[in-house]
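Structure first, commentary second.
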Amino acid sequence: MSTATIEQAHAGHGAHTEPTGLWSWITTVDHKRIAIMYFLAATFFFFVGGVEALLIRIQLWNPEQAIFSAELYNQLFTMHGTTMVFLVAMPMAVAFFNYVVPLQIGARDVAFPRLNALSFWIFLFGGIYINLGWFIGAAPHASWVGYATLTSTAYSPGLNTDFWFIGLSIIGIASIAGGVNFITTIVNMRAPGMKMMRMPLFTWMTFVTSFLLITAIPVIAVALIFLGFDRTFGTVFFDPSMGGDPVLWQHLFWIFGHPEVYILILPSFGVISDIIPTFSKKPLFGYPIVVYAGILIGFIGWGVWSHHMFTTGLGPIADSFFVAATMIIAIPTGVKIFNWIATMWGGTIRFTTAMLFCIGLLAVFTVGGLSGIMHAAAPITLQQHDSYFVVAHFHYVIVGGAMMGLWAGLYYWFPKVTGRLLNETLGKWHFWTTMVGFNLTFFPMHFSGLYGMPRRIYTYSADLNVDLFNQLATIGAFIFGISALIMVWNLWHSARKGDTAGANPWEAATLEWSIPSPPHHYNFPELPVIRSREPLWNDGEREEVLAVTMLEPETEPVMPVPSYWPILLALSITVAWGLVMTGIWWVIVLGILPVFFCTLMWAFEPAFPEGH
Amino acid sequence: MSQTTPVTGSGSDAAGHAEKQGSVALYIWIGAILAVLTFVEVAVYLIDAFEAVEVPILIILSTVKLFLVVMYFMHLKMDHRALTWLFLSGVVLAVFMVSALVVLYHVLPRFA
Amino acid sequence: MAQAVAASAHDAHDPHATNTGVSNFKLGFWVFLASECLFFGTLISTYMVYKGSALEGPYPAELFDIIKTTISTTVLLFSSLAMVLALHYVHEARKNLAILWLFAVIAMGGTFLVMEYFSYIKYIGYGLTIGSSTFGSSYFVLTGTHKAHVAVGMIWMAILAWRLHKGKIPPSKSDQVEVAGLYWHFVDIIWIVIFTLVYLIP
């Protein structure tokens, strides 16, 4: 497993031998190891969600067929969406935040390493919890948006929705903690001279994303509490017969949900903003503009949520406001695209796999953005809402945008993590099968959607004449599945036998490339002084930085000690929340006691060894 | 928290400790003002003559109380500006959300 | 912190442990408070959305005793004052006074909870429950969450008082108490907002 290889690579460095074995990973508080665990977990869930997608596509091959029951189909698309958004795209971005940001700003770890570990374990246990329903045939089934009143006990009497709201609330904790961690790290732990406007764009986008996380997740947390209380304790937040408004759920969900999609895309925008300059041998065009555009997207993203609700009858005044805001947000997004293109213009382009994924993103995301702008017009949405046109749109931006950006990042930073390069031939196969498979899957959906095929229903009528589009989509999905297998094969093969990469295989500009690959566990022997945005591209500065970062110190810096309290606390939180499902108040209170105990132990345990 | 241990000095207020620390007298004054403002709020609520302007006055008074607690008791006025920006981002968004939902539900005409 | 360790190891040119001079713990906690604004903001928004539209009673006007609630509000306000004094004495290394004022915080927080508990009993007696109307649901969940925060705060203060007693909180580690104070004041602020929007505004 790549784990063993990384450990072997680490073992070659200096006096400290990186501990190996499962226990060392379970108790780690090292941001680099946590990042690897996030990546592996996200990849695992990617296959889970991918299988769910393939089963959906099999079902939809022909009209009016029922290989799977309607109920099972509902579970499949619900879990596909929930898994891909919360258990794949977000944690995979977090994997990159974790590994790369401290290295880019010249820090030895994040601000709160034990909180970092806690976030990971909470995410993992929460993700497992949501999926537990599969084992009793009661996976969540009310779609990833869980609209009231479908999620009420009247219409979802089983445990399905309980798994959903409990699992998601657990995961929410991880995200908020992560957001706090990264904001603090970025504000407080930059190397000397690393002003905010000298930080790499990926770190900047991590910063903006973290703000979105800490502000948006509490909203859905409360919404889930309302839903949970309605189901378990008889409140009437969304019960129309008692004056509750189901549309309030939609408001609260989308007040979270829209910033959420910017949480999904901004990290990838950050990734490609670092990669494109490297493989164009040119600094990013208009760095400050790209930064401000990112901040603006995050900010305006808070004002567009009801464009998901154009069909709920909010009225022309409300609708107009959200139409305007949604159209406005396209501007900073478009600006970034022009900046990336301008960066490439006149540069010396190297078409590595990482660069291919970046260019692919530019093309594919633009298509998704165009269909998005179409949705921005409320009258058009009245026809497109709940049709496959919407499915096409968001897959173009999430898969073609967010995921392709992360895969670019994978090919870019893999050498830093493992000390080996991913195989470029396999990489190109990965890229092209992705492009073919992905576009074949989702482009036809624009058509089937416009011809009236509704989403979230287990079958469709033959009279719609959308059979061909569905069949193309199913074939495309399987090709896309093959691309995922190629990726995993590349990871496996290259981690063991890939070409050795040095500290800076891409001749890139930013600080993470100034230290060995893989880095020492303490990252930097001494902190370099930064004088520009591209420290490794400026003569003079490069030599000064490398003189400091490539040192082998006689005494290694002391790092935080490993701990088993994060995993224990995460487990106790998951169990405590899970007990909410029983609805018995004293059971729930009992569940809180271990949480209290573990919190105390985790909080008051010294971070460093005695005497430091 | 043990994380603060290596940050030498007295937590965050190493330098200029004396002048940054408010005096006991200041705190008691603020406390008294807060109590007075609370009583004024209740008076405005109870006295019918104020009914027309009740809502804006109450909102202004609570905002002032909030401001006093945040700036002085929570020491934000004297601390690094970054803390103000970080906290303000949350406050601004929360105020926006509450206002938006109030407008959507209570101000705009309902069609549904 | 990892960064601060650098200051003690080889970095002659890194005198500051953090870029802002504020500890990670304190800075991170302010960020957390920003997220708590959204958490309570959502609860408050929901209350405001449903304000005035409960399908059946009892209604707020029949239930709320403004005088009692003003008293409990003032108690909570003064507990914030007690908190600031406790921190002040931690800075001055006068641990017994600090512990005394922490106990005052706990006592006043407890008084607030007890008074509010009795109002809950009264409301339930009138027929307002968590499920009797949208008013009941939104009121109890909003204020209940607030009270849970107060309770957690009281436990936190008790732990700090114990640690102070054991001599584990010298002035150099005052951040521990300061951050607890931030939490407590924040909970107080939320109550200021709730008091105005729920009890005072018609």
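For clarity, chains are labelled A, B and C in written order, and residue numbers in each chain start from 1.
Note that a contact is a pair of C-beta atoms (placed from the backbone, for glycine too) under 8 Å apart; a residue touches a chain by one contact, two chains touch by 3 or more.
What you see is a predicted model; the values in this text were computed from it and never measured.
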Which of line, ring, star, complete or other matches the graph of chains that touch? complete
Result of counting contacting C-beta pairs for A-C and B-C, higher pair: B-C
Relative to subunit B, which chain's C-alpha centre is the most remote? A
Whole-Å distance, C-alpha centre of subunit A to that of subunit B, is 34
Approximately how many whole Å separate the CA-defined centres of subunit B and subunit C? 13
Round to the nearest whole Å and give the separation of the Cα centres of subunit A and subunit C. 32
In subunit A, which residues are in touch with two or more of the other chains? 111-112, 183, 187, 214-215, 219, 255, 607-608, 612
By residue number and range, which residues of subunit C touch two or more other chains? 1, 5, 8, 18, 20, 22, 24, 27, 31, 34-36, 38, 41-42, 46, 49
Name the residues of subunit B that each touch 2 or more other chains. 1, 3, 5-6, 82, 86, 89-90, 93, 97, 101
Residue set of subunit B touching subunit C in the complex reads 1, 3-15, 17, 21-22, 24, 27-28, 30-31, 34-35, 38-39, 41-42, 44-46, 54-55, 58-59, 61-62, 65-66, 69-70, 73-75, 79-80, 82-83, 86-91, 93-95, 97-98, 101-102, 105-106
Spell out the residues on subunit A that touch subunit C in their complex, using ranges where they run on. 107-109, 111-113, 176, 179-181, 183-184, 187-190, 192, 214-219, 221-223, 225-226, 229, 233-237, 242-245, 248, 252, 255, 524-527, 529, 553, 555, 557-560, 600, 607-608, 612
Quick check: in the complex, which residue numbers of subunit A touch subunit B? 111-112, 183, 187, 211, 214-215, 219, 247, 251, 255, 302-303, 306, 312-315, 317-318, 603-608, 612
Enumerate the contact residues on subunit B facing subunit A in the complex. 1-3, 5-6, 82, 86, 89-90, 93, 96-97, 101, 104, 108-112
Residue numbers of subunit C touching subunit B in their complex, please. 1, 4-5, 7-8, 17-18, 20-27, 30-31, 33-38, 40-42, 44-46, 48-49, 51-52, 66-67, 70, 73-74, 77-78, 80-81, 83-85, 88, 91, 171-176, 178-179, 181-182, 185-186, 188-189, 192-193, 195-196, 200-202
